[in-house]
Amino acid sequence: MEFEQLYQEIILDHYKHPHGRGLREPVTGSSVGEAHHVNPTCGDEVTIRVAADGDVLADVSYDGMGCSISQASASVLHELLRGQHAGQAFKIMDGFVELMGGRGQVTPDEELLGDGIAFAGVARYPARVKCALLPWMAFKDAAVRAGVAGSSPSAAASEVQGS
Amino acid sequence: MTTITIPEGMPQYGDVPRFDVEKVRADFPILGREVNGHPMVYLDSGNTSQKPRQVIDAMREHFEHHNANVARSVHQVGTEATEAYEGARAKVARFVNAASPEEIVFVKNATEAINLVAYAISNSPAASRLALGPGDEIVISEMEHHSNIVPWQLLCERTGATLRWFKVTDAGRLDLEDLDELVNERTKLVSYALVSNVLGTVNPTSAITARAHEVGALVLLDASQGVPHIPVDVADLGADFLAFTGHKMCGPTGIGVLWGRYELLEQMPPVLGGGSMIETVTMERSTFAAPPARFEAGTPPIAEAVGLGAAVDYLTGIGMEAIRWHEKELAAYALDALGTVPGLRIFGPTTPVGRGGTISFGLDGVHPHDVGQILDSVGVEVRVGHHCARPLCVRYGVPAMTRASFYLYTTTDEVDALVRGLEQVRKVFG
Amino acid sequence: MTTITIPEGMPQYGDVPRFDVEKVRADFPILGREVNGHPMVYLDSGNTSQKPRQVIDAMREHFEHHNANVARSVHQVGTEATEAYEGARAKVARFVNAASPEEIVFVKNATEAINLVAYAISNSPAASRLALGPGDEIVISEMEHHSNIVPWQLLCERTGATLRWFKVTDAGRLDLEDLDELVNERTKLVSYALVSNVLGTVNPTSAITARAHEVGALVLLDASQGVPHIPVDVADLGADFLAFTGHKMCGPTGIGVLWGRYELLEQMPPVLGGGSMIETVTMERSTFAAPPARFEAGTPPIAEAVGLGAAVDYLTGIGMEAIRWHEKELAAYALDALGTVPGLRIFGPTTPVGRGGTISFGLDGVHPHDVGQILDSVGVEVRVGHHCARPLCVRYGVPAMTRASFYLYTTTDEVDALVRGLEQVRKVFG
Amino acid sequence: MEFEQLYQEIILDHYKHPHGRGLREPVTGSSVGEAHHVNPTCGDEVTIRVAADGDVLADVSYDGMGCSISQASASVLHELLRGQHAGQAFKIMDGFVELMGGRGQVTPDEELLGDGIAFAGVARYPARVKCALLPWMAFKDAAVRAGVAGSSPSAAASEVQGS
């Protein structure tokens, strides 16, 4: 069935059992940035909070409400980016953004994207790409606000509007 | 042999219009297509309707044989195009029982029709009965489409007038309790939907138009979801303006209609300036043609008018009463069927009374996007989101809804497919 | 064997594009029809062009297989319609070499495109760079179509600004003698035709845009008669806005285009309010989407965009250079041929230099209505009247003109038919 | 040839040799009304001057410029209405207006319309009907201004705009 391409077990799993959901108070001393993004066409919301310890993303916590794709994407983001060095985190983000912009033509790098590869099918549904990207665009803003450098210019950056 | 006598007051057999949905479906080429390997079940007619062969053919025929610009040529092809265009105007006038074809202004969609009235108001000189200023009020409702909200917000910004609105009850009806306070001596215009594009509610008109006219206010009905689905007679409705849109009534995109009482159209200054709307032009100043030409600047949607004329002929041939009846049957069937789906909540009237064949709902614990996506995967096309009526979603405390909307070609089998699809949704997200 | 060497500076063989007019004509179904018992000779393309099969088929295909509303659906058919609509935007952007598809706003016709800019200006807050008030000036020309005159007259009425204009020389060119005085520090916008719909003149751009930008004014080019006939590259032209219309470039009615530099579109407030142009809506206030969506309220002309996209593909396939060349050849041929008709006076450039294939003329002692009628009786379709450019007729001291306008499917045989028809006119009224 | 239907000899004749053209000073004592009408789409102009002597249209003079149809129509109007009683003049006018509105389906009454029947063919060309009616609508206004009663309401009356 078609929808299985979109709703990979992995995605449904992250949606039904989100990993590390909830905004956490950062340990003192870390530099914190937060961003709240909304998809105006469907009302999906995600808040991402980045707590940076120098170059390391000590914690990436989140909260939100919305469809399975946007919420599972936040859960996967948390899994992938928490504890990473900034450079690697942005590399992962770029990989995810590229996958989403690839209209199903990009072969995902499992090494880099982990559970994120489950979103490969989403790229074939233009209307849902925004859902998948929502937490990533919020992360990007939050990271900047946390003073984490290394953000590379990304084509999809202006796609989703912040608030 | 027994004869069954139907008690008076009950619908008699003669009251049930003849309507053969399979015959109707055969007129719509797209209904044969598949979506994701399933026969398409198109339940998004409130968004845009499908087009019968008769409309598609009329447009092709026009382009292949009679294409020319209108109202500007003395040549034969131009005369044919002009007659086709003006003929379409006459058909639309008859369809809504306008006093004359001159009361029909062709615009690009219902949204432009509403904006046209709003700009004609702000372009009116202070002495005009249409003029608006600080202290004046415009009344809309909480169940409006954005196209009947934003133009009035912008108008209030331009003029300093105040926007007010009817509330919506839990049952999905306009709350008329405050009618006399809300529509008062300061009110200049009342604009609301004849039929809600989200709840399916058919709104009352006589109490509101009576009160509006009592205080000297004008009434605009957004009939975008009315004219396609129920018989509409402007003489009966008693409104001053009516807006509707071609693509939701079996016609093409690119054309909409503003009907206005002629004496009002005559008082309205132009909005868009350009070719065909003038009487005479000098570099210093211009004078303007009488309505409807005054409001049709530039080359109008000619082929689209031809298509809309064909759509009106098509709908008339089937009969608007029959279409209303068919959709009422469908709504009753669907309300029953959806009632069997666990965790499903209907927004708006839950009985098939005073409502059309548009049903919005929520499914416990599943976001409408996910509902729509799973349904699409089995070929069922519904709309999800705020349906260009965000304030109404806010009213019901939800960010989005799922909407199934029916039309003359919809079948009970398709309603069954929707219900089966929802089972699927519950299985995936259960 | 002798080899002929063409001197440098002369057109080389390689410069003559391949162009097979009979092959082109076979694409246009209507060209096979008759008028009053004669094969139709359609010389009214300046009014509206005919449509090739490719465009008609693309629209039918859309209605029969992919019809849905855009930008609002997550379902498959809606996604197909959205991709078709946005794909058309990208095609149009490439066709005029816009920096990105986001610079292309779809409207209903060129007239709306021009009015859109005018209303965005009057809706701008005083602090905006676009704001206009008493003392500010707008400059147009005496050879404008009413659609590029009336919107500015109405804007000046709304804002108190002053309208000024370039004069036209006897030879049918813009009189640029007073350029520096006319376009001055008070000038906020200069708006004029890239190609005249009456005289056929191709107007210069670099001197005017340079002067306008020097004084901080914006430049709008009305390219309604330009984009269909000559290669247009907005990056080259250096203008700020470009308006053109689908039905004159082999596309359908019901669609037009405003191109604007993105940073300008971004500064413009909304004009029409409604669905699809919003970011978020509450009953109290709304915020708006980024361009181009901000300017596309309501359901856009979807099937029409598909048709226009097909038209752009068609024109690109033939090549705009080839079309320009073909029309230049025709203009040269026709200017010669018309020169043989006694009592005929050409308005505008009489040599095929800096002009396109549109020729207006008068015939001594015969009113244009009569000229047009006799020509129609032998199947020759020309336009007669003031061509929505009354001030230009006044400039030449005539109440009306007869106009023959050519396009890619016009042949020299058709020019001959026109000349023979004019002999007939002279016989009847001689 | 088709155009012969439209350009009857009679029409061309009236156009090339208009009857009684030129605005005449009325005899003293008569009641005078004048109207100038323009067809905005083509610039055709006609001025009609009615001089009434009680119930009789002592003179109907005219001037104008424009296409053959409008100018011939003025000449025919002059021929038909000059010297008529008001009642008969309006009857002729109504007959002419009816003929023009008939899209070629009305059989003209030669007794009533005289040379006016030559315009029967014009009724088949909607774009030219306004040309033929221009002098008649001007006459109608002029007659009212001359105080001549008997004008019956006519469907086409609002078709052509005065100035």
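Which chain is which? They are A, B, C and D, in the order written, and residues in each are numbered from 1.
Just so it is clear, contacts are C-beta pairs under 8 Å (C-beta built on N, C-alpha and C of every residue); 3 or more make two chains touch, one makes a residue touch a chain.
Worth saying up front: this structure is predicted, and the values here are computed from it rather than measured.
J.: Determine which of the two chain pairs, A-B or A-C, is joined by the larger number of C-beta pairs in contact.
T.: Looking at contacts between chains, A-B has the larger number.
J.: Quick one: report the Å distance separating chain A from chain B, using the average Cα coordinate of each chain.
T.: Each chain's C-alpha centroid was found; their separation is 40 Å.
J.: What is the distance, in whole Å, between the centres of chain B and chain C, each centre taken as the mean of its C-alpha atoms?
T.: The mean C-alpha positions of chain B and chain C differ by 33 Å.
J.: Measure off the straight-line distance from the CA centroid of chain B to the CA centroid of chain D, and report it in whole Å.
T.: For chain B versus chain D, the centre distance works out to 46 Å.
J.: Indicate the residues of chain A shared as contacts by at least two other chains.
T.: In chain A, the residues touching two or more other chains are 41, 125, 128.
J.: Can you tell me which residues of chain C touch two or more of the remaining chains?
T.: 36, 72-74, 78, 278, 280, 369, 373, 376, 384-385
J.: Treating touching as the only link between chains, describe the layout with one word: line, ring, star, complete or other.
T.: If you draw each chain as a dot and join those that touch, the picture is no line, ring, star or complete graph.
J.: Sort out which chains touch which and give me every pair.
T.: Listed by label, chains in contact pair as A-B, A-C, B-C, B-D, C-D.
J.: Which residues of chain C touch chain D in the complex?
T.: Residues 36-37, 367-370, 373-374, 376-378, 384-386, 393, 399-400, 428-429.
J.: Please output the residues of chain D touching chain B within their complex, sorted ascending.
T.: 40-41, 125-128, 161
J.: Where on chain C is chain B touching in the complex?
T.: Against chain B, the touching part of chain C is residues 29-30, 33, 35-36, 40, 42, 44, 47-48, 50-51, 55-56, 59-60, 63-69, 72-78, 107-112, 114-115, 118-119, 123, 142, 145-154, 158, 163, 165, 245, 247, 252-256, 270, 272-278, 280-286, 297-304, 369, 372-373, 375-376, 381-385, 388, 390-391, 394.
J.: Touching chain D in the complex: which residues of chain B?
T.: Listed in rising order, the residues of chain B that touch chain D are 72-74, 78-79, 82-83, 278-280, 289-290.
J.: Using the touch definition from the top, list the residues of chain A that touch chain B in their complex.
T.: Those in contact with chain B are residues 1-3, 6-7, 12, 16, 41-44, 65-69, 125, 128, 131.
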